[in-house]
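Each of the next two complexes has chain A plus one other chain: chain B in the first, chain C in the second.
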Partner chain A sequence: MSALSRDQIRTMMAEVLAAQGKEMPAEDTANLEELGFRSLDFSELALRVEDETGEELNFDAPGLRQIQTVADVLDFLEQLQAA
Partner chain B sequence: MSQAPAGEPTRGAGNRIVLRGVATTWGELDTLDLPPAAAVLVEDNLQAARAVWTHATSDRETLVTSRTRVTPDLGADLRAEGLALVSGDLSQVEPATLERDAQPGRIWLLTSGSTGRPKRVAHTLDSLTTVGGDQPARTWLCPYAHGAYAWWQVVTLGLTVPGQDVVFIEPDELDTWPRMALDAGVTAASGTPTFWRQALYRDPEAVAALPLEQVTLGGEPVDQAILDRLIELFPKARVSWIYASSEAGASIAVHDGKAGFPEAWLDRDTPGRPRLSIVDGELVIASPKRGEGIDEHLRTGDRVEVVDGRVLITGRLASDEINVGGSKASASQVRDVLQSHPAVAWASVKGRKAPIVGNIVTAEIVTTEPVSDDELSAWARERLPEYAVPRRLRFLDAIPIKETLKSDV
Partner chain C sequence: MSDLPPIGPASVVVVSGGSRGLGLAIVTDVLDRGAKVAAFARTITPELQQLADAHPDRVLVASVDVNDHKALTAFIKDAEAALGPIDALVNNAAVGQDAMHIHMSPQQIGDIIATNLTSPLVLTRAVLRRIMARGGRGRVVMVTSVCAQRGYSGLVAYSATKGGLDSAMRTLAREMHGRVLVNSVAPGFFASEMSSVLGDQQLETIARRTPSGRMVEPDNIVPVVRTLLFEDTNLNGQVITIDGGSSI
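And then the complex of A and B:
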């Protein structure tokens, strides 16, 4: 299965937030801490991506880095799919 | 036909047994021409019953198991331990590769092997016989895997106690057993919680139609939700749960309809009864019915916790704990919460490798009516810490069940 687009990952992130009664912000510069998007949520999103693509993400490939904004999450997952 | 010698092991020789719908008695079974020390790899309960009757009426050493359980490696191990392999129509014999004298009366059981190749546990008909004395006449359902400890418990009851008939169910009959049981007049049935959940999910009306006087659960952690469901369905029956294993022997029997056993039973010394204790959250049992060579104080590997005066057996220590970012989620606790939802027929909970937090909690679910992912997540969030709430739910069409009647698939 092909990699997910940034928009598709964004939709999934909105679903993770919605399940907890939170809204996806319009701006990708939104801060994750203020949004209440925590480590567990990021992990869930990553597994949703894996389930959708049918491929395991290699988290060792790009090296974990600071993830502070919605854009960071989308960038990172895009990059992981390409790794 | 063989003649049953007088003696305790065959007092039930006249008891009825039903095999694939055909009724006979133990005493009417043909005996087998077996080597003195034999592992009998059976295709069905007729072969298994003949092996048992042959064992009970002669001096020999026997292991009975399903043919499908014995891999080439395990078969080689058994032969190297001095057991001939008997299979097919039970006239095919692969001789033992170790020559030794048979141990008359010895019965070998295979452990479930959930943590590797099955181990052999030594018993005798006497050590496997855990029910005696005067018993009300009953017809028992035996759905267990050939040669498993729970199978032997039903078999020895039928073999040794007059008035205890047995209706055997083959693995390929698990879908249709309630109607077969009704036809055969079953009044007592024993199965794992997964066995009962599957039956109630598939055909609750057929199960409810059975005139059961005794309902028994064992082999897996027994939760309150399944006990309540069975008590509601069979208000006149005694609903019991039993803790037993090939290694520990039959050790706990609870008849008050509640999950767990009274805390007062801990650290109590009663002659002839097992001593139960908790060490580091693990159930430890010293049972007179344990297998030979098993530690007197057996660490069972089962996790227990004391809640409101009851000791609850929640699951295996090795697989129960899910480490979510340093917080410890209990798979059995999550499973019980999901299974307490009115629309959930069955749940299985596992950890799944995930970035950053190491693992997240995931669940497989079977429901009796449509229920959304969001609703179940909300149900779990109200009852569990955040890290223990399943983040991925997978809905299955049917309850998966193995030949062991357990759901650890």
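And then the complex of A and C:
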């Protein structure tokens, strides 16, 4: 299956947030800490992307620690899919 | 009542992962104690080569991947030919981890287990066979980790291997029944190539939670390894945790 688009990943991220009663911000510059989007939420999102594409996205923690904004999340997942 | 004499101080020590950090510090200390050292690592650093050049009759170094079991056996044979009968081992070589278990591939998990658990067991077997074959006695020190006792996020496979080594250590201490003293030193996190993968925030948290007020240094570990290799303590089958009290 082909890689998910940035918009598809954004939609999935909104679903992860919605499940916690949180709203997806309009701006990609939104800070994840203020949003309450934690590392385990990122894991959940990554696993949802994996389920959709059928490809594992293996990564280590230092890469994850660089992520601070919504744009970072989308960038990182795009990069992982392309790797 | 059986009255075995104490096992003597180590005279020829094999050190895995002896090229840098704690391994190199152990090699240096063993030499300072007047014993001989056979050290290997994947890459020989200038520091280790310098020790070999300075003490050609007491040091043997080689570039050996701990997962190459054929090369390991050959190295043990070479070490005995060059230095005399081996009577001690420090199982120090290991690889670190910094990834959540759910995001590691099965291959990555297997690689950590191979390097940190399977290969140390194979090396231990090789050294013990040499000790036993000539009716000798000896000492084995496993360098494990506080991760074997406490949970730290991002270190699942690594912790499993260190816990596995501690378990094997206890069983070996029983199995070798007075012929070989087998113990573990379990350092807390210290500034090493392996802990360098931890984030600044994690390192700060660890330091803050350490009752002694400072993180562990290789210099704190070396005297304990020295004691287990050279002193008559009758310590056997024990894990000595060196972490400034952070795990209490």
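Assume the second predicted complex is superposed on the first by the 77 of 83 C-alpha atoms of A that agree within 3 Å, B and C clash if a C-alpha of one lies under 4 Å from a C-alpha of the other, contacts with A are read in each partner's own complex, and residues count from 1 in each chain.
Convention: a contact is a pair of C-beta atoms (placed from the backbone, for glycine too) under 8 Å apart; a residue touches a chain by one contact, two chains touch by 3 or more.
Source: prediction; values computed, not measured.
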Partner chain(s) touched by A:Asn58 [first = chain B, second = chain C, both, neither]: second
Contacts of A:Ala19 with chain B and chain C, given as first, second, both or neither: first
Touched partner set for A:Phe37, first chain B, second chain C, both or neither: neither
Chain A positions touched by chain B in one structure and by chain C in the second: 39, 43, 46-47, 57, 59
Residue numbers on chain A that touch chain C, as the complex places them: 39, 43, 46-47, 56-62, 65
Chain C to chain A touching residues, read off their complex: 98-100, 102-105, 108, 154, 197, 199, 201
Chain A partner contacts - residues on chain B that touch it in the complex: 324-325, 352, 354-357, 360, 362, 373-374, 377, 386-387, 391-392
Residues on chain A engaged by chain B in the complex (per definition of touch): 19, 39-40, 42-44, 46-48, 51, 57, 59, 64
